[in-house]
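Scrolling down, you'll hit the structures one after another.
In what comes next, chain A is part of two complexes: it sits with chain B in the first one and with chain C in the second one.
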Partner chain A sequence: MTAYLLRRVGTSIIVLIGISIFVFLLLHAIYPSPARDVLGLKANNAQIAAWNQQHGFDRPVIEQYLTYMNQLLHGNLGYSYADNQTVGSLFAERLARSIYLSGMSLLLAILIALPLGIYQAVKRNSLGDNVLTSAAFILYSMPSFFLGIILIQIFAISFPILNFEASQSTNIWVVVGDWHSMLLPILTLTLITVAAFSRYMRSSSIDVLAQDYIKVARAKGLPERLVLTRHMVRNASLPMITLVGLFLPALLAGNLIVESLFNYQGLGLLFYDSLGKADYPVLLAYTLIGAFFVVLGNLVADFALTIADPRIRLA
Partner chain B sequence: MSRFGTMRIGGLALAVASLTALAACSSSSSSSSSSSTTTTTPGAITQPGSVGEIPAAGTPSGTASTFTYALAPGAVPNWILPMPTSATNSVYNVFNFEWQMWPPMYYAPSGSTPTIDPTLSVANPPTWSNGDKTMTITLKPWKWNTGQTISSQDVAFTFDMIKAGVKASPANWSAYVPGYFPDILSSMSEPNASTIVVNLSKAVNPTWMEYDILGSVPIMPSFAWAKDSASGSTLDFTNPANAAKIFAFLTAASKSVSTYATNPLWQTVYGPYKLSAFNDTTGAFTMVPNTTYSGPHANPMSTYVGVPFTSNAAEWNAVKTGSVDFGYVPQEDVPQISQLKGLGYNYYGLPDFGNYFVAYNFKDKTGNFNAVASQLYFRQAMQHLEDQAGQIKAYFNGAGDPAYGPIPAFPKSPFLPANAATNPYPFSVQSAMTVLKNNGWNVVPNGTDTCAKPGTATGDCGAGIPAGTKLAFNLIYNTTPPIPGQVEDLASNAKAAGIEIALSGSNFNFMIQNYNDAASTANENKWAMEDFGGETNSTYPTQFGVYNTGGSGQIGAYSNPTADSLINTSVTGANPNAVTSEASFFTTNLPVLWQPELDYIWAWKTTISSSEPAGIENLTQYDNTPQYWYLHK
Partner chain C sequence: MATGQASLPPLDVTRAPEGGEIGPIQSGWRLALREFMSNRLAVTGVAILLFFLVFCFLGPYIYHANLLQTDLINAHDPPGAGHPLGTDTQGFDVLGELMKGGQAALEVGFFAAFIAITVGSLVGAVAGLAGGLVDSALMRITDVFLAVPFLFVVLILAIRYGASVLSLSLVFGLFAWQVPARLVRAEVLTIRERDFVLAARTAGSGSWRLIGRHLLPNAFGVVVVNVTFQVADAILAIAYVGFLGFGLHYPNVDWGDMLSNGTTYITDGYWWLIYPVGICIVLTVMALNFIGDALRDSMDVRLRRR
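After this line comes the complex of A and B, so read on.
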């Protein structure tokens, strides 16, 4: 286990360094310097040159990269010239908000989708299954932006019982307690995720139900409730663990569309805005931290699988 | 922000903000005649080209209120020192934020008119002498909220801060152009506490100096800011070394976004408002009235709250739910504008002072395009193919106005030349073909025109255009609506005249970096025309920096000696009307292909009035003056 962990960590570090080089070079290949975007079309050459010097863009790319990595190793994510704040503070302000929005919707989606998928598998081709399948397809094919607009129209405009925007507080505990404002954005994300997860869970459950060990369990006279809870759920959930692991980066990535629609300052929106402002330090930090979460998510999923399925051993 | 890039001001960049650029109106309106088709109420204000109306002001309720003002996505303040850097020079930092606390010496616009508003200006108009090399500025007896009168010492301090900032980096002051202010500032003297005499080393156009330079300079409090640390004592700022330290201290404070509302520095103001809260995550802010404000205002003044939005959809939802008092109408939602009255809002829109265009690349040698574009007749033919009325109707939903030069026909401008009030090159495919035929081209409608008469004589194609040269080239466009529709329309009309335009989409940031002869010489043969949006004019709308040879804002390397001379006169000559002559030349000489203007429409609650009509009109120019707003009975 320890050797496996060390190998994975070592590989992850190499992957992260590779990503940092790739992203750094990619940005600098597209825009050797973002000065023109930052200063505006009419900025004169003296202003462009001064800005480049101030931000190190007048130096060779390799030197810029090494300087950046040196800062990174010292915990300095850089300074956003577009927002006039350190990248660290920008992330700190938004991380908890994004984690709450994404995490809560992910949690709700799991809690709803798992039993729903199992129900559909057990009651396969029943009226209930068909209705839920249709609903899932509708939700799954619906862009989150469209779903959000519909929910806002119904619950905030036509029947104003909920707020049209998410909580504007910067205190995460106030945000958590403000269900009146947070319900619609969380619901928007949850519904779409439920649609996806329930389809996976239904499919996985149907596969498991066709396995010999289920037939054996039933043949032995085990009550159906125990067949399902002891033998089916655990096995059917294995693919879901991998799937949820892949969703972990979303905790950081935030949800650009929902954040944008519900006026919620999160990390997804920060990244999008930074793209428009050519704010390299934010883009680099975001990409690297996103990569870190992807690697972490996969690692967590691998470990979770060993717990859920004793047949799997890490080596 | 859709159609364009960052919304900047002053003589510096801009291209109209995409997110906030608006369009369209109700189907009952039509472009330039929209006002004439609108039913107006008694006392209401409209003007040619406007959408909606400003109702007559209501009787004040006498109650102070809190007015919320929508901030467009990405439009939150991130700079407070009233000396914007090149990177922070946006209307959102300056108009909506800094100027509420420290308005400029000479305030513009005046409502929707690009002129100085003397009532909002801290100083009386400067007087000029010594061949326009000496200006004398007399201050009004306005006061700081700390009780002191704004003094000539404060103005001197401000100018010294600008000098120190520019010396540290040319990017530290957005209005800086090498060779002009403050480089030409040779000496200052203060004969009394309200007068400062400024000597310049070379003559400048007084109107340009007043409108575009001093019009972007608020005054800084020397008694409170002339120090190099929070606890430091007042320094002699006339000493350049001290000035550098002070500037560094103020800049560092301005970078500390989280302390904007708590740093005592920023509590010394003379404008109508004082910052009381600032959220550095969302950019939301609250300003309370400066009870000692010396300028005109409603009585009582109300609290002013900037409410940020992450998308146009979120902002429009806020309007639909009545959650903001002042909100803009996003371009994509203009078709819903008729709902606003029912939702309890008035609305009013006009284009801002700027111009939208398709740029020519005068350096693109591909297919001899550089030689073709250099021919005025070709540019005239292209302008004949621009169907402005059709585009306003089809792509702006009717909420837009035609523009025939750098100064748009709407809104009203004292600088508008006569030849830009009506279209000198009206839309006509036939006229375009005639122009080409008369200049040596074999015109093949819906085919490809070729040069049949090479040469430089009258009726020939022109210098550098060999026989057989085809009128076929590319046009790169910003994919933000309504630009794609507009360029497709142009290409379609051009095809009818035998001009083949190959369209390809891109984005604003990439375009101004890569399809820009000044910034990217390696790509100068890769684009013939491009449409990234437009530019916002300064109050004094000279195209200095845009169409002068080697101008820093040059995209396609346009160069014309007459243009250079006219621009030079606008900036350094004595004639206040020089800029009108300059605009007249560009209206006919067509350095770019002029396009129609989008209206910028604002909605405000019907319970709110302004003590001055300008207090609503100026919303259409990204400006706001909440000191005029009040609740009415």
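After this line comes the complex of A and C, so read on.
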């Protein structure tokens, strides 16, 4: 077990290093130096060269990479010349808002998808199952922004009971309290996630229901309710752990779309604004940190699975 | 599942021991095709996809629409005579734009899927056949690409190099080969232990011949299933990129961009700028998902009903 964990952590570190090299080189190739943006269009080549030398942008790429990574590991994410602010402080302002939107949506999606998938598996091929499967299929094929637009049309324009713009407050507790404005963004992200999760939950529940231990439980006369709660739910939920880990990239992307649709001042919208401003330090730091979280999420999911499922005892 | 059994004629082979005729053994492909055709959703998916192919690529030859000259007098007209789906805020005909945007979406979808499948198959086959250090290295590279948030890198490249059908397809394809690579590697790992591969080796086949003639053709099933999902993902991806404003631009049209423009006027009630194009995206992606699911069911011998 320990050997497995160590090996798993080891490969994750190798992958993380690979990601950082790849992303850094890619952005460096596109945008070698912010000198032109800092000094303006009138700066001549000598001034730019001097600025580059002063700030270390004339060093070999490998050296720049190592410097950047060293700074990153010490908590310095770089400097946004477009916003005249450190990238770290830009992130800090918005982190809580993005965590609230994504975390709440993920949590709600799990809470909805689990019982939904189990219900569909138990009542499979019934009318309810067919309706839910069709709905999941449509949502699964729907871009999140189109779903968001439909929800806005229904709940904010045709029946104006909710706001079509997310809360603009900088205080996270005000944002959390303002469900009037936050319900639509959260609902959009939740529904898209539920569509993906419930399909897996349904099929894993069907697999579990066909297992011998379920037959044994039924044969010994256990009421169906207990068969489900004691023997089925936990086993059928196991694949969800891996799925949540695998779903993190999609969640980051969904965040970007939903935040820009509802004008929610989170990290996704920061990335979107930085694209328009060609603010590469922000783009670089965000892409790197996003990738780190994906790797970390998958690692945690794998560990959680070995703890939750005693059958997995890898050497 | 068992209800579909009646629609399948019994196989000649299985009846032979009872004294019936012994017919030719049906090939796996024909069985798969029959399985596929008996799936109603799959046939619906193929029909929708064919409709969109005809609509987008042949439609413009029959339905001529103004997509180049702004016509502000006839801007944002509701559906009516001359403009079956109305006009947008530039005075362009929405139906004509749907066709043109669909061309871009389908071209990017299929081209990106082709690149992803080609790269993925090669990486997977080489990794699976070579094993050892090469395998580990290639699989770690696959892990790297799997963890890099795809949409973010695509957007960064799109603002720097501009978006065209070709550039978007290349970028989508080069960031989507990881899943086919893993699938093909897993297939190759089992296929390479078979006797026919040993026979081919004994006969003097080199690694590339082994990959091209024996391993890839036998791993084709998993690849075919993945293609449709790849096309669907790429069509969604171009819609996302277009919606965020980094997609194709005038005189080209993409569905995401159209929807994004329509969204600006959502409070004005210009519904024809939003729902027709949204429904086009959903239907195309859904059709491809139907086909993919059905292909997976029909290719997987274990799931096949008998």
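Simple rule for what comes next: the second predicted complex is superposed on the first by the 260 of 315 C-alpha atoms of A that agree within 3 Å, B and C clash if a C-alpha of one lies under 4 Å from a C-alpha of the other, contacts with A are read in each partner's own complex, and residues count from 1 in each chain.
Rule of thumb we're sticking to: contacts are C-beta pairs under 8 Å (C-beta built on N, C-alpha and C of every residue); 3 or more make two chains touch, one makes a residue touch a chain.
Since we're looking at a predicted model, the values are computed, not measured.
Once the two complexes are laid over each other on the shared chain, residue contacts for A:Ser260 go to chain B and to chain C alike.
Residue contacts after overlaying the shared chain place A:Ile157 against chain B and chain C alike.
Shared-chain residue A:Asn84: touches chain B; no touch with chain C. After overlaying the two complexes on the shared chain, residue contacts for A:Val23 are found with chain C alone; chain B is out of touch. Once chain A of one complex is fitted onto chain A of the other, the partner contacts of A:Gln47 are limited to chain B, with no touch recorded for chain C.
Applying the stated contact rule after C-alpha superposition, one finds that A:Ile149 touches each of chain B and chain C. In the overlay built on the shared chain, the residue A:Asp37 is in contact with chain B alone; chain C does not reach it.
Contact with chain C, but none with chain B, is seen for A:Val295 once the two complexes are overlaid on the shared chain. In the superposition on chain A, A:Ala278 contacts both chain B and chain C.
On chain A, the surface touched by chain B in one complex and the surface touched by chain C in the other have residues 30-31, 145, 149, 152, 157, 260-261, 276, 278 in common. Residues 1, 5-6, 8, 11-15, 73-74, 78-79, 86-89, 169-172, 176-178, 254-255, 257-258, 279-282, 284, 308-311, 313-314, 317-318, 320-321, 323, 509-510, 512-513, 516, 519, 535, 545-546, 551-553, 555 of chain B touch chain A in their complex.
Contact residues of chain A toward chain C in the complex are 11, 14-15, 18-19, 22-23, 26-27, 30-31, 137-138, 140-143, 145-146, 149-150, 152-153, 157, 249, 252-253, 256-257, 260-261, 271-272, 275-276, 278, 283, 286-287, 290-291, 294-295, 298.
Every residue of chain C that touches chain A in the complex is listed here, in rising order: 140-141, 143-145, 147-153, 155-157, 159-160, 232, 236, 239-240, 243-244, 246, 256, 259-260, 263, 266-267, 274, 278, 281-282, 285-286, 289. Interface of chain A with chain B (complex): residues 30-31, 34, 36-51, 54, 81-85, 89, 93-94, 145, 149, 152, 156-157, 160, 164-165, 168, 170, 259-265, 269, 273, 276-278.
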